[in-house]
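Just so it is clear, A, B, C, D, E and F label the chains in written order, and each chain counts residues from 1 on its own.
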Amino acid sequence: MPLDPVVLFFLLGLGAGLARADLKLPAALYESLSVYLLLAIGLKGGVALAKFASPALALEVGAVVLLGAALTVAAFALLRLKLARADAAAVAAHYGSVSVVTFAVAVSFLARQGVSWEPKLTLFLAVMEMPALIVGVLLARCGGQRRVEWGRLAHEVLLGKSMVLLAGGLLIGWAIGEAGMQKLSPLYIDLFKPLLSLFLLEMGLLTAARLGELRHTGAFIAVVALAVPPAFALAGLGTAALLGLSAGGALLLAVLAASASYIAAPAAMRIAVPEANPALSLAASLGLTFPFNLIVGIPLYWSFTRTFWGL
Amino acid sequence: MPLDPVVLFFLLGLGAGLARADLKLPAALYESLSVYLLLAIGLKGGVALAKFASPALALEVGAVVLLGAALTVAAFALLRLKLARADAAAVAAHYGSVSVVTFAVAVSFLARQGVSWEPKLTLFLAVMEMPALIVGVLLARCGGQRRVEWGRLAHEVLLGKSMVLLAGGLLIGWAIGEAGMQKLSPLYIDLFKPLLSLFLLEMGLLTAARLGELRHTGAFIAVVALAVPPAFALAGLGTAALLGLSAGGALLLAVLAASASYIAAPAAMRIAVPEANPALSLAASLGLTFPFNLIVGIPLYWSFTRTFWGL
Amino acid sequence: MPLDPVVLFFLLGLGAGLARADLKLPAALYESLSVYLLLAIGLKGGVALAKFASPALALEVGAVVLLGAALTVAAFALLRLKLARADAAAVAAHYGSVSVVTFAVAVSFLARQGVSWEPKLTLFLAVMEMPALIVGVLLARCGGQRRVEWGRLAHEVLLGKSMVLLAGGLLIGWAIGEAGMQKLSPLYIDLFKPLLSLFLLEMGLLTAARLGELRHTGAFIAVVALAVPPAFALAGLGTAALLGLSAGGALLLAVLAASASYIAAPAAMRIAVPEANPALSLAASLGLTFPFNLIVGIPLYWSFTRTFWGL
Amino acid sequence: MEYHHKKLLTIVCEAVLEERLSRDVRRLGAHGHTVTDARGGGLHGSKHGTWSFDRNIRVEVICDDAVADAIASHVAERYARDYGLVLYVSDVGVMRPERF
Amino acid sequence: MEYHHKKLLTIVCEAVLEERLSRDVRRLGAHGHTVTDARGGGLHGSKHGTWSFDRNIRVEVICDDAVADAIASHVAERYARDYGLVLYVSDVGVMRPERF
Amino acid sequence: MEYHHKKLLTIVCEAVLEERLSRDVRRLGAHGHTVTDARGGGLHGSKHGTWSFDRNIRVEVICDDAVADAIASHVAERYARDYGLVLYVSDVGVMRPERF
């Protein structure tokens, strides 16, 4: 199966960036699109949740929170083999958290396959952002002499841009339901995929800039950035099986587990674990894991899913 | 009846701002959206005017201009109870002028009720922007030793951003008619409401910043900001009755009267009455009157209208 | 036939700019829209090319490249009558290259006439950007003591923003075909014309700023800026006849020949021929040729085409 | 390297003054000026930079002592009372003194 | 024209520090501050300015020598170890010394 | 507070030079540089800042006197003839002299 059209835009940006083309998209466009994507994902999830909410949901959310925390600890244990405590903790927080855009590309992937998925996955996306950030800070601080600024951390995690927009979108979508969404859909539904394509063009340019920095960060981090995602995807699939998700939902949970944050986590870590080197996390999560998941990962995890779900 | 979806976006922005969330939309997005909204409103009005223009229109425009001027004088008289001349005049100019976004939300409100309205209201919107600004400057200057820089003022009022875009949109819409508008409608019609929702998210953030400043500006201005709108709405309804407007048109004229400018007026006053404190006007018009009209005012004025129009 | 609606937006911007209205669109909006337009044109062309590619295309591309080079030399010879070598070469490069927005307006013009055109014209648009830039630099340098920085020039020409986006769009469009384009069309197809209208509003403002500079650049350049386009349009029509294009395709090739670059050429000349005065080229290409083509040129060249093609 | 002494005059003020200040400094003898967008806070409250009348600019002019004095007193007299505004001068060295 | 001597303190640092620095400089006695967006590069690699945590700011404070010293040592102690940060002071002349 | 003397070199020029200047200053011995977007006007007309080749940048480098001289003469020789460009130096005090 050929690549999703939106992934081609990513490759265009990546190629232009690596060739040092004179192409720089305005920062305001990047920021506007990221606000849009977060809101749109939240809204769609909220509308769907309003239809399908169930009492078991609280338990499932708990399981997903645990998954995020456990993945962070696992990543930390691996990274401590070579990295200092603070650096290992900060990078681990990135991998325990999630990438909204990778999720969006996986959704687009499923749509092309004609595979449906449970709307609560959007809720899982929102709740999986946070636990890794908190666990990361705890791992950085335990045994150290620096104290945790809990107030600032809570603020950063709960009131960070992606959390506010995802949760706000969920609430609004849930409040207005399908009827209220209708007038808003020309922007939040119809334009979702093409605006994602524009965003991915810019992500390609940003990725190219980060790839270059891998030279300075060393081989260990590169190996981690490529080995962790498939392993975490399997953990995601295991959890999905426990929760009795459909194949589509399972793929998305696998992608959430496999993906690494590059919006919420960098901001939170810079504030809560400032002594960690931010170049490490970004080179890994944005420079390698993000393109890997987009191009190789999603189809790979889908083949895993099909095997396990017997499709 | 539940709140309009677009108002929920405003509340999300307001809540995020009050909670000091780490959410800052790019200034370029705000400016682009305001350009878009002004143009789109103008275009729609122009297309409709082309169909329904009548010779009596000039007279009606005159009545609306008088309304704007009279409201400015009334607000000035009230504000002079406590404020210095320049401050009273500047704030009065904000209340005599109009808020384009409040108008847009009222239009969306009517659409949800299935109530139609006269297209000339868009023209009234455009002409009601100006008189208050001129009256405000006259009030600030009469009796004072500072002279009015009429050239600069005329330039600012007639060639300000909102005037150029509204009037330009009206002219283009009028010139191209419904047929010419068809190819443009995916942007200027279909996306109007969802882009308004994005704009209101940003307005919520801005409002939150202004609300905080009310602590410094005192209780008097807060009382004015909440008491004037309903009173002015009634004046608007009276004028609407005189002009024989339908209930929908009447609500919109009430909203124009009740709303306070925060795009054209601040810019004009800063240039023509610089000794007035701009924080006063903005705290009142943006911090209180704007959210009041959005959440409480529009439904309230609609209940007034239904009573008087016997619906 | 009345003006195309999008041209009215240009006139609004131009009028606002000349009247020194307080209207400044954010630079980020201008840049975002130009990225969008280039990508969208490329995508549409690519989708069409995938359907209609033919072996003769390589030859036709060669003819178009020659046309661009020949026009540059012709413009240079004319400009040398009055201008220094570097200035003449830099201005000539602008006129040998093409204006993407003029092309887009001509496409919109044809659509209103219900006239179809060959999709390969988009490819011609992309390839006609470059040769003029290279010929311009050669003309500036031959006989001079400055050496050409070929590396930097090649980089600038091949990896400039418009080349990357046009060529990238062509490739993606060609790869995904009509099926893949469907989900992207709400942005790249449906919104093309209205977003072009917004872009032209901004172009009007920019043109107004450049028109003012014509006072300093003299009458010669103004005459050139108005006389060259119709002459070059005829050359374009001649080439179109040789290539056996339809009337629609012929008009577009005429417009490509007649239009002057103001995105790719200024950037390339500033880097490769820095001693040339950039104000000259921009005053001519943006201040005069661009509005001339939009308002007078396109209908004029269409009347030429109709005569020659016997419509 | 030989540098020639000039004054660098910096004005931080409300963005609404940009056009007027740009005209004023040229009229008072400066041969150029540089403007950057800014935000900040002072006696007149905060300028967040998010919308047009909530924005500052930072204007720099390199010029002779006399021109700097002329601009400084003009600005102080004409704008300092009504607008949030800060002005300061410092000494700089330039290479091509004739162009300032 | 008579100018009064003040210190101009300039801090170039990661944008993530904006809110904290703004609060700190006021708490330590400055009456205002000016912020501009910046990009650049140094020992901590490049800041391209394209997204939030890849952006620098440039903070300027005009103040007394004592306040400048207080801010400088606070910044050095509190932020210089963990964040990409440059700080320098220079001498400027102002017209209304009482406002700084 | 003890400050160590350094030179602050400021270059205002066309934005098209950003990449080249950034490379040049590092090659000539500076350990960092800061760039902000600017607009303005001078002998080469106005730069409105609205589009790519109508934009200025403002580059700042803190460095030794020798490095400042090297950069200044390189810029003067290489770019000052063809491009709208202003360059000036001033004296600043820094806290961690070894990093510049």
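What to note about this one:
Everything below uses one rule, namely that a residue touches a chain if its C-beta (ideal position, glycine included) is under 8 Å from a C-beta of that chain, and two chains touch if they have at least 3 such contacts.
Chain identities (UniProt): A, B, C = Sodium-dependent bicarbonate transport family permease; D, E, F = Transcriptional regulator.
If you're wondering where the values come from, they're calculated on a predicted model, not measured in any experiment.
Counted as hops between touching chains, the shortest connection from chain A to chain B is 1. Under the contact definition stated at the top, the chains bordering both chain D and chain F are E. Counting the residue numbers used at the interface between chain E and chain F, under half appear in both copies, so the two copies meet with largely different residues. Centroid distances built from C-alpha atoms place D farthest away from chain A. Chain centres here are means of the Cα atoms, and by that rule the chain farthest away from chain E is C. Centre-to-centre separation of chain B and chain D, using mean CA positions: 35 Å. Taking each chain's centre as the mean of its C-alpha atoms, chain A lies 46 Å from chain D. If each chain is reduced to the centroid of its CA atoms, chain C and chain D end up 39 Å from each other. In chain A, the residues touching two or more other chains are 26-28, 31, 186, 267. With touch defined as above, residues shared between interfaces to two or more other chains in chain F number as follows: 36-37, 49, 90.
By the definition of touch given earlier, these chain pairs are in contact: A-B, A-C, A-E, B-C, B-D, C-F, D-E, D-F, E-F. Within the complex, the chain D residues that touch chain F are 1, 3, 6, 8, 22, 26, 31-37, 60, 62, 90-96, 99.
Those residues of chain F lying in contact with chain D across their complex are 10, 12, 36-43, 49, 56, 58, 68-69, 72-73, 76, 80, 86-90. By the touch criterion stated above, chain C contacts chain F in their complex at residues 24, 27, 30-31, 206, 209, 213, 266-267, 270-271, 274-275, 278-279. Residues 14, 16, 44-45, 48-53, 55, 81-83 of chain E are the ones that touch chain A when the two sit in their complex. By the touch rule above, chain B contacts chain C in their complex via residues 26-28, 31-32, 35-36, 39, 155-156, 159-161, 164-165, 168, 171-172, 175-176, 180-181, 183-188, 267.
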